[in-house]
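Each remark here refers to the structure printed beneath this line.
By letter and in written order, the chains are A, B, C, D, E and F; residue numbering begins at 1 in each of them.
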Amino acid sequence: MVYTFRGGIHPGTHADPGFKSATNTKPIEAMKAPEQVILPVSMHIGAPASPIVKVGDIVDMGQMVAEAPAPVCAPVHASVSGKVIAVEPRLHGNGSKVLSIVIENDFEDRLHESVHPYDFEAMTNEERIEHIRTGGIVGHGGATFPTHIKIQSGIGKVDTVIINGAECEPYITSDHRLLLEHPEDMVEGLKLLVKILGVKQGLIGIEENKSDTYAKIEELIAGDPTLKLCPLKCRYPQGAEKQLINAVTGREVPSGKLPADAGCAVFNVDTAGAIYRRFATGMPVVRRIVTVSGSAVANPKNLEVRVGTPMEKLIDECGGFKEAPNKLLMGGPMMGVAQYSLDIPVMKGTNAFLAFCGEEDKRVEEPQCIRCGKCINACPMHLLPIFMNVYGKAEDLDTAVEVGVLDCIECGSCSYECPARIPLVQQFRLTKGQIMAHRAAQAKK
Amino acid sequence: MDMQNVIFAVVVLFVMGVLFAVLLGIAAKVFAVEVDERVPLVRECLPGANCGGCGYPGCDGLAAAIVAGDAPVNGCPVGGAPVAAKVAEVMGVEAGETERKVAHVYCNGGCNAVDKAKYEGLQDCTAAMRVAGGPKECAYGCMGLGSCVKACAFDALHIVNGRALVDAEKCVACGKCVATCPKKLIDLVAAAKQVHVNCKNRDKGAAAMKVCTNACIACGMCERTCKFDAIHVVNGVAVIDYDKCTNCKMCTKVCPKDCIEPIATAEQKEKFKAMQKAQAEKAKAAAEAKTAEAQSANET
Amino acid sequence: MYDLSKVVVTSSPHIKTDEDTRSIMLDVIIAMVPALAIAVFTFGWRSLSLTAVSVIASVVFELIYNKIMKQKPTITDLSAVVTGMLIAFNIPVAAPLWMPVFGALFAIVITKMLFGGLGRNFMNPALAGRAFMLASWAGIMTTWTAPGAKLPIFGNVGDVSAITSATPLVALKQGNLPDASLTDLLLGQIGGCIGEVSALALIAGGLYLLYRKVITINIPAAYILTVAVITFLFPKGDVVGLMGHAQWMLTEVLSGGLLLGAIFMATDYVTSPVTPKGQIVFGIGCGLLTVFIRYFGGLPEGVSYSILIMNTLTWVIDKKTHPRKFGYPAKIEKKKEEAK
Amino acid sequence: MFEFPAAMGVTDLLSLAIAAILVNNYILVQFLGCCSFFGVSKKTDTAVGMGMAVIFVMALASAVSWAVQYFILKPLGLEYMQTIAFILVIATLVQFVEMFMKKSMPALYQALGIFLPLITTNCAVLGAAITNINNGYSFIGAVVYGVAAGVGYTLAIVLFSTIRERLDLTSKCPKCFEGFPIALISAALLAMSFMGFSGLKIW
Amino acid sequence: MKFSDQLKAGIITDNPVFMQTIGLCPTLATTTSLNNAIGMGLAATAVLIGSNLVISLLRKVIPDKVRIAAFISIIATFVSLIQMLLNAYVPALAASLGLFLPLIVVNCIILGRAEAYASKNKPLPSILDGVCMGLGFTFALVLMGFFRELLGAGTILSGYVNGVNGIQIFSNPAVMMILPAGGFLAMGFILAVIQKVMSGKEDK
Amino acid sequence: MNDSKKGGGIVMLVVVLGLITLICALLLGVVNQITAPKIEANQKATLDAAMAEIIPDAKFEAVDVSDDYKNPADKNAAAITQAFKATKDGQDAGYCVEVMPKGFGGALTLIVGINSDGTVAGTKVTAHAETPGLGAKAQQDPSWIAQFAGKAADGSLKVTKDGGEINAITGATITSRAVTKGVNTAAQFVATLG
């Protein structure tokens, strides 16, 4: 059986479905650590971490350099050993400058004393979660939500753990390669999650374009009746939490609620792997698999890099640009964020860096909706993007909510399908902002 | 002539007329509903732009609120003093003093501010802000995409040379633009105030200089020139204390970055410099004279 | 250091489908070619010259309007070509060449461009053009040419009465089955408007549009099925037996522009609902009105007016047929919950 | 002394009603009541309220004017006073209803009553009253006609209001067409589509 | 106010149909030909003058509460008078105006002028107001009637020249223009032209 | 708005409104007395003129119309409203019949003249609600209506589309059928008069 949801799109061409052919057969290459790493204190959703090192300090690899002062927050660890040379605002993927800890690599890769295997079985559940927290583990699927909170709030509510191996975003192949090359990490991580959350079911959802990984995974989970592999139809955004849950369990996460309310907790492949590694080796999150691809990249690759490596180094590693790029993206082409500089560092949630030089974007000057309704059919949340746009533009916020803006997951399916090239998602973001501002003002009154 | 028919006509219509008059007369008494007569009267005084600048749902809403005592008689920012006076007459109270205000955009960058990358998409400042923080290198300045222009119902805002500019004649100080600008660059100030620092860049001088040729570099020249203690560098940018500013425009003539309005021409600056110099010399001379005097006094 | 001077920043998503407005319109044009070919075969080259005049007039009017309003030319989106072709498809082949010019003027300038052009009009331009021509020159618009008649390619048709023929609808209206056989209907060997005669060609065009995902099946299916069901259950004429009912039904469905309307005109994006449920409601509404006008109306056909009337309801239908959003209870469940 | 028009059968009444709603729609075909049609069609809610108020007043006016005609004017040979008598009756009635509603049914007044003053000077109401007499409808016929004409009015104004809402949100017409002109052109298109019902004959 | 100003107001700047957009029904319904348009326009003008005069004379006497009823009675009287006179002396015109003749009663223009002008001004200016507003109304109707007849029937001056046929300008006219839809359309375009001209003036 | 106007109480209302209506009614009554005969004469004159056009130089004398024809049972049949016998120089010259067949936009009013020799003398549309430019041609296009004159008045006329000899107005077959039906009904009625 192949699982899927209603709505969504099929990006890509006939010859190259999902635009993944450039890297999906390329093994992960470990990249040399850079001379300098830049570690922003905000690599996750929530409060920023606060630095606990100062300029001049010598740090070890895996050593915590910024602690988490708030519950929804994750600490930051040094990804190389060396000397702290600056604690100052540096350019961040979100376009603004964010306080960052800059470490000069001494190329010794001295491990910090805290990096050693931990005995999972001997720990209480609280200790396990705390261990995950101090490991700085956040969602590797892109949302970078601190994993310990997800686990904590899921205990008792959740009956199913789902591993998100959909990787439905075009171009990206980092999870695919990971599943092919190190499936054990994910499976072991899943087993730990099943134990921590105390559930009876652990599902692994992987899209069919990664079917070459199925055999090995089936082998690894054989004999454990709680675990099951669920092949998923290739369809964007199959990997979006709500759609994935719907596909593999048939449940719908109620509007405005969390997956836990549907009894599910979803973890990215590499998140599960990170959890496993945190116990098996004691290593916090300091590495990341990044797919570097796109029409402008000379030699697209899957790279294993240190968190904090500047993008420029990744491009260097991939042979530079074929042609001057007209678009730089952190993340996939559907959800990724446009960049204008290569100084930004790889962060915990960075699964890809893309550079385009062709006409991928296909913008037009004065787009005009022709009411084709394709956006409606594409929307995986079954919303009415065309009317969200109309009412959003007219700033009729109440009606905009009625037709669904607040339920929009910003997946971009509608914008992708729109033949008139209406900047739908951008309008929705704007409208959402206006609604939030309005509500805040109302609350103040 | 058929007189009977005419008489019928007269009788029928007369009876009808009388009947209806009685009916309506009685009905008016029986079904009388108390309405505060002042509501429509106040409503008449209001300009009827229904802009919502007062914070009530349109002019009708404000009228009702004024009569109910929830809003002051000068609650309409659009109408200003004349309307307030009229409303006050209806309400029988004195209008408070309303000083005419206008919106002002505190950025002078526009085409002189450096673009970090070409931005494409929704021509809206807030939307652009969310894409890589906006198209300009300056994180504080006007993006010139005109969200405020769209918000203004009075055609008082326009993008001029890449940045928003208020037409003080047309502006009625409704405050819509103030709330709209994502960079918080717009404020309402008394129309009488003429000197403004058109920059909000808090970066250090060198950094500011890199992103915009018109940025305030916090050199402090203005602060030193002002005789009224009305301009200060706060958080890396000069700010005018409007309570103290007397519109003397001295600071405008010393700003090396031309970011104080009204921008002085090179000629004016020259003149001012010359004058300053002359004054300084004079003062020096005076001081010297004084010391000399004192000395001589001492001597004597 | 790399050259980043060309870099543009935009909001996501950063890739788009290849399909655009022009390619969609081109598909529609392609889908109409079989019907046009059959028309040329049935009525001669005059069908083509009328179509050409109509298309050129539509495009030129749009261009002139662009010029007057100082807009960028919008004709490259090809929607004016579609409109022009459909105007020609909706007139009889013996019509004078000047007539589609005025039809195009009404369609393009008044119905479409005055409201802001493509995507902003609330009424189907080609059909509005047809309604205008029908009201203005009813005589011409209801004079049908027999298949195979020799007509001048350009210039006016002289004595019309010599070559007139009744359309199957005229017979149906009076409660009789027409002389034309179902094969004639399928192949277009009947009198009628240029584009409506061959059912087969129209269906072929429809299948192409469906294959290319230009249209969804909702509107045509709802429309045609509604007409089929009603005419099957309640034939107007005296027909007996299941076969009789079926023959009546097929004749109603295959004649009088129903397929042309259902496939090419009721599906016009701009003037029909966008929600799937709404499209079905729209189709059913068109079907009901078509049969209503055909059975009881004073007009020779009901398709164009029924679509026009439903056009005016499009916005309401859209508003009342919102799909259930993901993560929301179904309406019935919601009511149950509220009751609790 | 009193002579009344012949009674009407059910099919007569039905075809009368259908004709009044679709074929001879008051706004789109007969041009009666156009001022309010354009005036209060900017919002669907108000259009619905106005429509309901018109239906109500037209039913009432049809009934009362019919009575005035056949009980007073005709017996006395005063048919020539039709215009003045009808308008007086209607104006008074409407004003009375308005006052009554304001006091006794404030909720209904908010929904319908506020439109009542607009209706006094609406061609549709007097038009229906006179048409009833001209066409010799029975009492029931007159009331049915009044209601149906009102329904036709409501149909037109509500449809029109939804079209205007769409135009407001999505259209962009040339400056000189903004406002009234484009509304008139939309009404022209609406009227054109209603021509589809012309010549309708069911029974 | 000077008469010329009043005239300008009535015909152009305050034209009841084009500027105040009232009295739409007769404007749309009776303008299928120039002849009907002029007839309707003049009939309404006559009523307007008469009612303005009488109302102005009685303005101090009529109590507020029965104001509307009194105005309507007066207007209705004039309408009935015109109706009878037309029926007696110009039956063809009366027949073609049909229902719209009695409906002058509810023409918002007349009641509107009574309320807005005659009830507040002296008799003479009120008469002049009636003349000007009436002419403005007639002007609007004439414009509509002219274009609709020309485009919809292909003729001009029917009823004046060459009997009911008028002068044929072209054959195969666009009949829709004299159908209801054509009424809306013609008025839409005339209004647009007026708005254009007005905005042009404002700019200057 | 002065206060004297607002006040006055019910009595004042009654008096003023009463007086106004009184005067209005008086005026109307008087003018009606003057115009009523004229209006009646006008109506008669129209009918007379129409009939004189169809059968010239004749005298007309009303004849009774049986209820079958006045209020036909069939809703779609044409009703005959009045009929006149025409005499010319004392000679029987035929009949003029006013008949109302249902057309496209409602009933048309026709005057149909039938000669005593059993042919149609002529037809005239006096009132109709047909579409201008289409059905309205039945009234406005004299050449079209003229084709009825001289045809046999045996009640069997048909438009060409239905296999008859009457050329329909292009685009207005319904109206043409209605007029034809009116002529047929008139002929049938006259036949019953013998």
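As a working rule, a contact is a pair of C-beta atoms (placed from the backbone, for glycine too) under 8 Å apart; a residue touches a chain by one contact, two chains touch by 3 or more.
Everything numeric in this text was worked out from a predicted model, so none of it was measured.
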{"item": "Partner chains shared by chain B and chain D (touch criterion as defined above)", "value": "A, C, E, F"}
{"item": "Minimum number of chain-to-chain touching steps separating chain A from chain E", "value": "2"}
{"item": "Neighbouring chains common to chain A and chain B, by label", "value": "C, D"}
{"item": "Distance from chain F to chain E - Cα centre to Cα centre, in angstrom", "value": "30"}
{"item": "Rounded Å distance, chain A centre to chain D centre (Cα mean)", "value": "62"}
{"item": "Approximate Å spacing (C-alpha centroids) for the pair chain C, chain F", "value": "43"}
{"item": "Separation of mean Cα positions, chain F and chain A [Å, integer]", "value": "84"}
{"item": "Multi-partner residues of chain D (at least 2 other chains)", "value": "80-81, 84, 88, 92, 95, 170, 174, 177, 182, 185, 188-189, 192, 195, 198-199, 201"}
{"item": "Residue numbers of chain B (touch at least two other chains)", "value": "5, 8-9, 12-13, 16-17, 20-21, 24-25, 28, 117, 120-122, 127, 130-132"}
{"item": "Contacts with two or more other chains, residues of chain E listed in rising order", "value": "65-66, 69, 73, 76-77, 80, 84, 173, 175-176, 179, 181, 185"}
{"item": "Complete list of chain pairs which touch one another", "value": "A-B, A-C, A-D, B-C, B-D, B-E, B-F, C-D, C-E, C-F, D-E, D-F, E-F"}
{"item": "In the complex with chain F, residue positions of chain E that touch it", "value": "32, 58, 60-66, 69-70, 73-74, 76-77, 80-81, 84-85, 87-89, 91, 95, 152-153, 164, 173, 175, 178-179"}
{"item": "Residues of chain C that touch chain D when the two form their complex", "value": "69, 110-111, 114-117, 119-123, 128, 131-132, 135, 289, 293, 296-299, 302, 304-306, 308-309, 311-316, 319"}
{"item": "In the complex, chain C residues that touch chain E", "value": "102, 110, 132, 135-138"}
{"item": "Chain B partner contacts - residues on chain E that touch it in the complex", "value": "65-66, 69, 73"}
{"item": "Contact set on chain C toward chain F in their complex", "value": "136-143, 166, 170, 298"}
